[in-house]
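Naming follows writing order (A, B, C, D and E), and every chain is counted from residue 1.
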Amino acid sequence: MARFIKKHKQEIGLSPDALYFRGKKKIDKVLLRVIDFDAENLEENPVHTVKEVLKYKDKNTVTWFNVDGLHNEAIMEEIAQGFKLDRLVLAEVMDTQSRAKVHEYANCIYISIKMLQQDEQTNTISVENLSLIVTETVLISFQEKKGDVFEPVRERIRNQKKRIRNSGTDYLAFALLDIVVDNYIYIISILGDKIEDLESNLLLNPNQKVIDEINAYKRELNFLRKNINPAKEMILTLSKMDSDFITEGSYIHYKELLDNINQAMESSDSYREILSDQLNIYHTTISSRLNDIMKFLTVFSVIFIPLTFIAGIYGTNFDVVPELHYKYSYFIMWGVMIVLVVVMLIYFKRKKWL
Amino acid sequence: MARFIKKHKQEIGLSPDALYFRGKKKIDKVLLRVIDFDAENLEENPVHTVKEVLKYKDKNTVTWFNVDGLHNEAIMEEIAQGFKLDRLVLAEVMDTQSRAKVHEYANCIYISIKMLQQDEQTNTISVENLSLIVTETVLISFQEKKGDVFEPVRERIRNQKKRIRNSGTDYLAFALLDIVVDNYIYIISILGDKIEDLESNLLLNPNQKVIDEINAYKRELNFLRKNINPAKEMILTLSKMDSDFITEGSYIHYKELLDNINQAMESSDSYREILSDQLNIYHTTISSRLNDIMKFLTVFSVIFIPLTFIAGIYGTNFDVVPELHYKYSYFIMWGVMIVLVVVMLIYFKRKKWL
Amino acid sequence: MARFIKKHKQEIGLSPDALYFRGKKKIDKVLLRVIDFDAENLEENPVHTVKEVLKYKDKNTVTWFNVDGLHNEAIMEEIAQGFKLDRLVLAEVMDTQSRAKVHEYANCIYISIKMLQQDEQTNTISVENLSLIVTETVLISFQEKKGDVFEPVRERIRNQKKRIRNSGTDYLAFALLDIVVDNYIYIISILGDKIEDLESNLLLNPNQKVIDEINAYKRELNFLRKNINPAKEMILTLSKMDSDFITEGSYIHYKELLDNINQAMESSDSYREILSDQLNIYHTTISSRLNDIMKFLTVFSVIFIPLTFIAGIYGTNFDVVPELHYKYSYFIMWGVMIVLVVVMLIYFKRKKWL
Amino acid sequence: MARFIKKHKQEIGLSPDALYFRGKKKIDKVLLRVIDFDAENLEENPVHTVKEVLKYKDKNTVTWFNVDGLHNEAIMEEIAQGFKLDRLVLAEVMDTQSRAKVHEYANCIYISIKMLQQDEQTNTISVENLSLIVTETVLISFQEKKGDVFEPVRERIRNQKKRIRNSGTDYLAFALLDIVVDNYIYIISILGDKIEDLESNLLLNPNQKVIDEINAYKRELNFLRKNINPAKEMILTLSKMDSDFITEGSYIHYKELLDNINQAMESSDSYREILSDQLNIYHTTISSRLNDIMKFLTVFSVIFIPLTFIAGIYGTNFDVVPELHYKYSYFIMWGVMIVLVVVMLIYFKRKKWL
Amino acid sequence: MARFIKKHKQEIGLSPDALYFRGKKKIDKVLLRVIDFDAENLEENPVHTVKEVLKYKDKNTVTWFNVDGLHNEAIMEEIAQGFKLDRLVLAEVMDTQSRAKVHEYANCIYISIKMLQQDEQTNTISVENLSLIVTETVLISFQEKKGDVFEPVRERIRNQKKRIRNSGTDYLAFALLDIVVDNYIYIISILGDKIEDLESNLLLNPNQKVIDEINAYKRELNFLRKNINPAKEMILTLSKMDSDFITEGSYIHYKELLDNINQAMESSDSYREILSDQLNIYHTTISSRLNDIMKFLTVFSVIFIPLTFIAGIYGTNFDVVPELHYKYSYFIMWGVMIVLVVVMLIYFKRKKWL
């Protein structure tokens, strides 16, 4: 199946605000969860309907409303109406195929980014879409399945002394994006470890398995870059955006985020170059090894060719072959052959062919 | 015939407003069709002359006037005069060779884009030029032949509840462009499927057919990119254009379109890299296979060379060859030969030449 | 001789306004020609001296003054003084080596562009410098030799109904540049035809001639791009220039011109990629063909090696070789050999070495 | 271990102002050092606590406070509070993994850059993070370990006549960055020496060692560029920054710095190209050498093949082989063989195969 | 020695205004020379001390003060003080290692550029640094050694009618830069001649010498580009600079200069591509030639293999080999062999292996 882009015939020509789920359903029931906090208070509740969340909407606190599962159109509809969001925003949330982006709407910012995770079993990188809707007091996050990497943020929220308790939804959004980007770097650094480990293997034991690994890593790096690059563009846009929903103090964080993701891209570039160097080294090693073998074998054959010829000469049945009848002819032949071999060996040695 | 650019001698030096059809005639008779609508009313009529359409021109409704077939200069002339358009615009419509573009005129915007379609039979991508003229109340679309991909838009228009019924010509233009771009993505995703399927074939059974396929896909991707890239530029221009004919609310849609087409380009880049990786893998596989064969054959020959030499020695007709007369000489020779073979096999095994 | 850049020692350090002819003299006598027109009137005269032209200078009509041959300094001097042009402008005209450019002077715009023509005999592309000096009422064009491609423009001028009769010198300049660019596209499209034709030849009959052709086309494309790229930059500058000598209505034409030249560049890019793909295909085909031959020959040799060895064994002259004396030994030897060959053939077949 | 990027699982999701040391501890005890000066006075003291330094803070002199060792959170905390710096700044200081950057804060500029040093023993380039915090009167520099390259700056400070005594913290920061960049150039110039020395070796004695060296240099250049490129961006930002902490007169210095680092990048580009040329030359030399050997050996074998065949013919035991019984047959055979060899040698010579 | 960048340990950390000579001393005694002129008067004197020059400083004429030799700090000091220049400017003059640049100071513009010269003996390009200090009435030029390429400018100055006599120091600076750039073009055009001449040689006689030449030209082109590229940037800056020292009328000249240097860069690009094509052609030719040889030799061997086998068969000493005793066996054997050879030759011919 096409890994980089997917489009089903029936999706062509849909209205841009159609609440149509594009992607693979990864969870059965949609899960809702709310954390509401300001500097002093903290409320953390599992909720079952969108309605329960709406009461937080007009409070002056920061409300983080997380939704796991995107396939339920009814719930999306409820959210759109409850939070007075354009249906376009929710339509974008339901399209898990789109690239990372940030769109500014009248009463919210819509952010989407790919969360990447190393799948330990298949050794490939799995991808999940994260959508954030940032309004003045509410941050709604949408994930494709249960279980996430945001526990450290929740921990920081629970800890009253942390900066996050005194900041708004824009800082919370930053904290979530920060973890996503940290995971990019973590994955690249793991991949980088493996790539650098490969090097020693490459010279010691250059075989088909190594080359398959190199190609697999190349593919993973490609896939990573394909996902990180739009994220970089998105964060660049965000860090330059002049929006009411981003407070002055947050820009420094978004800039820092940009530095991090730039570093991730540059490192993945470096690893790409290393991989291509490794491929070259592999080919050089293999071919020089083959050359050595062929050279040795050829030289070996060449040495025997005149010897066999001489033996052939004295295997002829001519009536008159004077040499055949001297007493020491046979031994002289051996002598001549040995001298020939020695001369050839010296010659080849001098020419550095051996 | 040159697939990427065409120019006939007689086209050189034509006046830019000459209504001269440049392209291949794909339909005999020009077909006209009109849909006129606003939030409440809908009128959908086949029409036979341009005159019948003009009555919609000054109504406040949105009029979608579709023209199939571009070769009839008289009709183009009528449209130019009927809708008070610069002849340059119609001249541009008639040039099916030009790249995707958007030009702003005093009383309209001219948009052209390539519609791509996978031709199932020849397995190549066919291309058709779509031109849109957007005025305040009328959208005129020009296609090269009958039959199009815009049925979903007509369906949405017929459905009173859809956003399209409440929007202007700019949104209608977006809806058409959206389908064109969706088709780009669809074609790339189909091509991508095929390319990714190739991979397993490549390792199992690397033959000339695979390489021909890779080259064919490369050519198709090239052709795609050659057409999509100008479309991307065009949509970028459109999304930044400060025109009276585009309402504030439409920009978000054009931006979304830009995201989509960017994704298409990036994916095609990824597939291009995959194809070039596949080519490399193919060559590596083929050459390592050949190397193995040659190594084996050479080693095989080398083993027999000293044996044949020994046999040659004892085929000589010297009067005095002492070994010939011992009773077990022949068997000793066999023994020596077998030992030699074993020693060589061990040596080659150790050197990993076998 | 250096095709891409030329500089003679004596040209170093010349004053920038020195009227020094840099190039190859392609015509003996300088030819002058004037067309003077407005919407109603048209005058078309061969003239012999610059003085005859000056009378048109202050008329309100559009005057197109064409000069064939650049080597006559006296005439250049006369033009400079007659039309009150900076000597720098004429010095630029006389430098046929320079790249396409547009320079704005106080009372004129100076435009230079390379005219390319397919030389049917040598099958290479010949180049000629075209310089245009655009003032408010006069357009002076300079060509290196007699005979040009501008006849269609003259035809349009003679035809009273054409747009060109109602426009100024800027539109006339556009019309000339348009033909030059059309010729670029024409040449690329011819080259493209040849390149695409090559493809079938490539697979059927890959020989040195094909590769020479590919390299020749590559060189021609390079040469084309080297000349078209500055023209593109020049037209881009022109289309953004805020000059008194370009009327508002002309910008749309210059933009269209830019689209065309962009398309030319993109197509030449595509053909470049195709050529480099073709080179790869050629090498792959050639090397896979060679591999097949070598594999076959090696397998053939390998089959005979053990047979010859066996024959060698029974050619030895040992006193005791029991096999020699059995009645059917010779026939058994033949049998063993045939079995051996069959076994080896089956083995090689299975291994897909044959 | 991944050399280009590192991320530990426990670092994911940390608050951006967490004073968490990311890196390898290279020193046990944090060392502090202060130089305080203006045009007339100079005070240079080792200090043991941050508190001792604070007294300089509000003096009008320039204070250079150097900190060796970044792992002590308590000291960082003290510095943050003592100099009233945002905790974010100190958090950035403690992250030795980040790329070179400059961030503007309300009351300071934060600059970080990588110091590179040729490690003579391992022949690789070691890297150390340098952070500078520039306020109006204080420059705080942070290094990872004891011992630095800034002694020349200290010397210039001690010398009353130097420009540095009359300038502010911005000039001092420039002086430090200047040394860092000078070291970049120094390292590249040393590497460049080695690379250019390689060339002669390459043609004389192309062996595996040379290729390993080329690959090692390539890796080092890659590593260099990976570190210098962000530094370049950083200095570019700095040279365009409109900050209160940089006086008008300093911009010329930052521009000069930018020129230097650009030159460093360009030179490293040149060396990269040279390395890749050298790789090509190596492969060409090796393969042409191998070709010569194989050609010679093959020609050698080919010469013996017909000779051995002739000898074989007269080794047959047919009852009737007339040639066998002529008296001079044996010698004629020798003659024929010699003639054959000569003919073949001449043929091969003519064909330039020998 | 590193050709692209040089840095000595002792240069690290020098104050930016240290008058420290960085480079190779190419002249023993510093030579001074003055030309002072305006439209009417001209004074041209050899001078021995800086003091003699100062009298021209405040005159309203244009003074061109040329200094050959940069190693004398005392003279530099004198110039700095005499002309009231920032010591930074003179420090820059003394650094011959820096790249081409332009820096604007309060009372002057500092320009540096590399003068390139084809060294006829070593066939490499030698480089010399040219520094210009442009003030309102004085142009000071610094060269590393005696003898220059500026004689044509002096000639133009001596000739009262030339534009240079009516222009200021900015035009004089342009005239000098113009000659430097003309020399760039001259060198490239000479190199280009050689490269294009190579082509015919390449196909006729592809040997190691040709490839060494290609690599040498590549290196020279690289070196050229390394020096011309910063010059291009410098001239671009100059042509956009809004400085008091450049009069309105000079910008057209700087723009022209930019065109020229752009053309130089583009041509060197073209030649680079040609060189890389030539390398490819060389490799293709060489490898196709080798393939032909190997194919011929292999086919030759293969033909003898079955013949030798047959001879071997009838060399066996079996008691019963019926064929041995027929009278015509020997001749039949010859017949069979000849038939075999003919069949094989036909087969190989058909397969196009010969």
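Convention: contacts are C-beta pairs under 8 Å (C-beta built on N, C-alpha and C of every residue); 3 or more make two chains touch, one makes a residue touch a chain.
For clarity, every value in this text was computed on a predicted model and none was experimentally measured.
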{"item": "Same-residue or different-residue interface between chain B and chain C, half as cut-off", "value": "different"}
{"item": "Computed distance of Cα centres, chain D from chain B, in Å", "value": "42"}
{"item": "Rounded Å distance, chain A centre to chain D centre (Cα mean)", "value": "26"}
{"item": "Interface hub residues of chain E, defined as touching at least two other chains", "value": "294, 298, 301, 308, 312, 315-317, 321"}
{"item": "Complete ring sequence of chains beginning with chain A, oriented so that chain D follows", "value": "A, D, E, C, B"}
{"item": "Chain D contact footprint on chain A (complex, rising order)", "value": "149-153, 156, 162-164, 175, 178-179, 182-183, 185-186, 188-190, 192-193, 196, 252-253, 255-256, 259-260, 262-264, 266-267, 270-271, 273-274, 277, 280-281, 284, 288, 291, 294-295, 298-299, 301-302, 305-306, 308-309, 312-313, 315-322, 351, 353"}
{"item": "Touch list for chain C against partner chain E, complex", "value": "1-7, 9, 11-17, 88, 92, 98-99, 101, 103, 105, 208, 211, 215, 218-219, 222-223, 226, 229-230, 279, 283, 286, 290, 293-294, 297-298, 300-301, 304, 307-308, 311-312, 314-317, 321, 323-330, 333"}
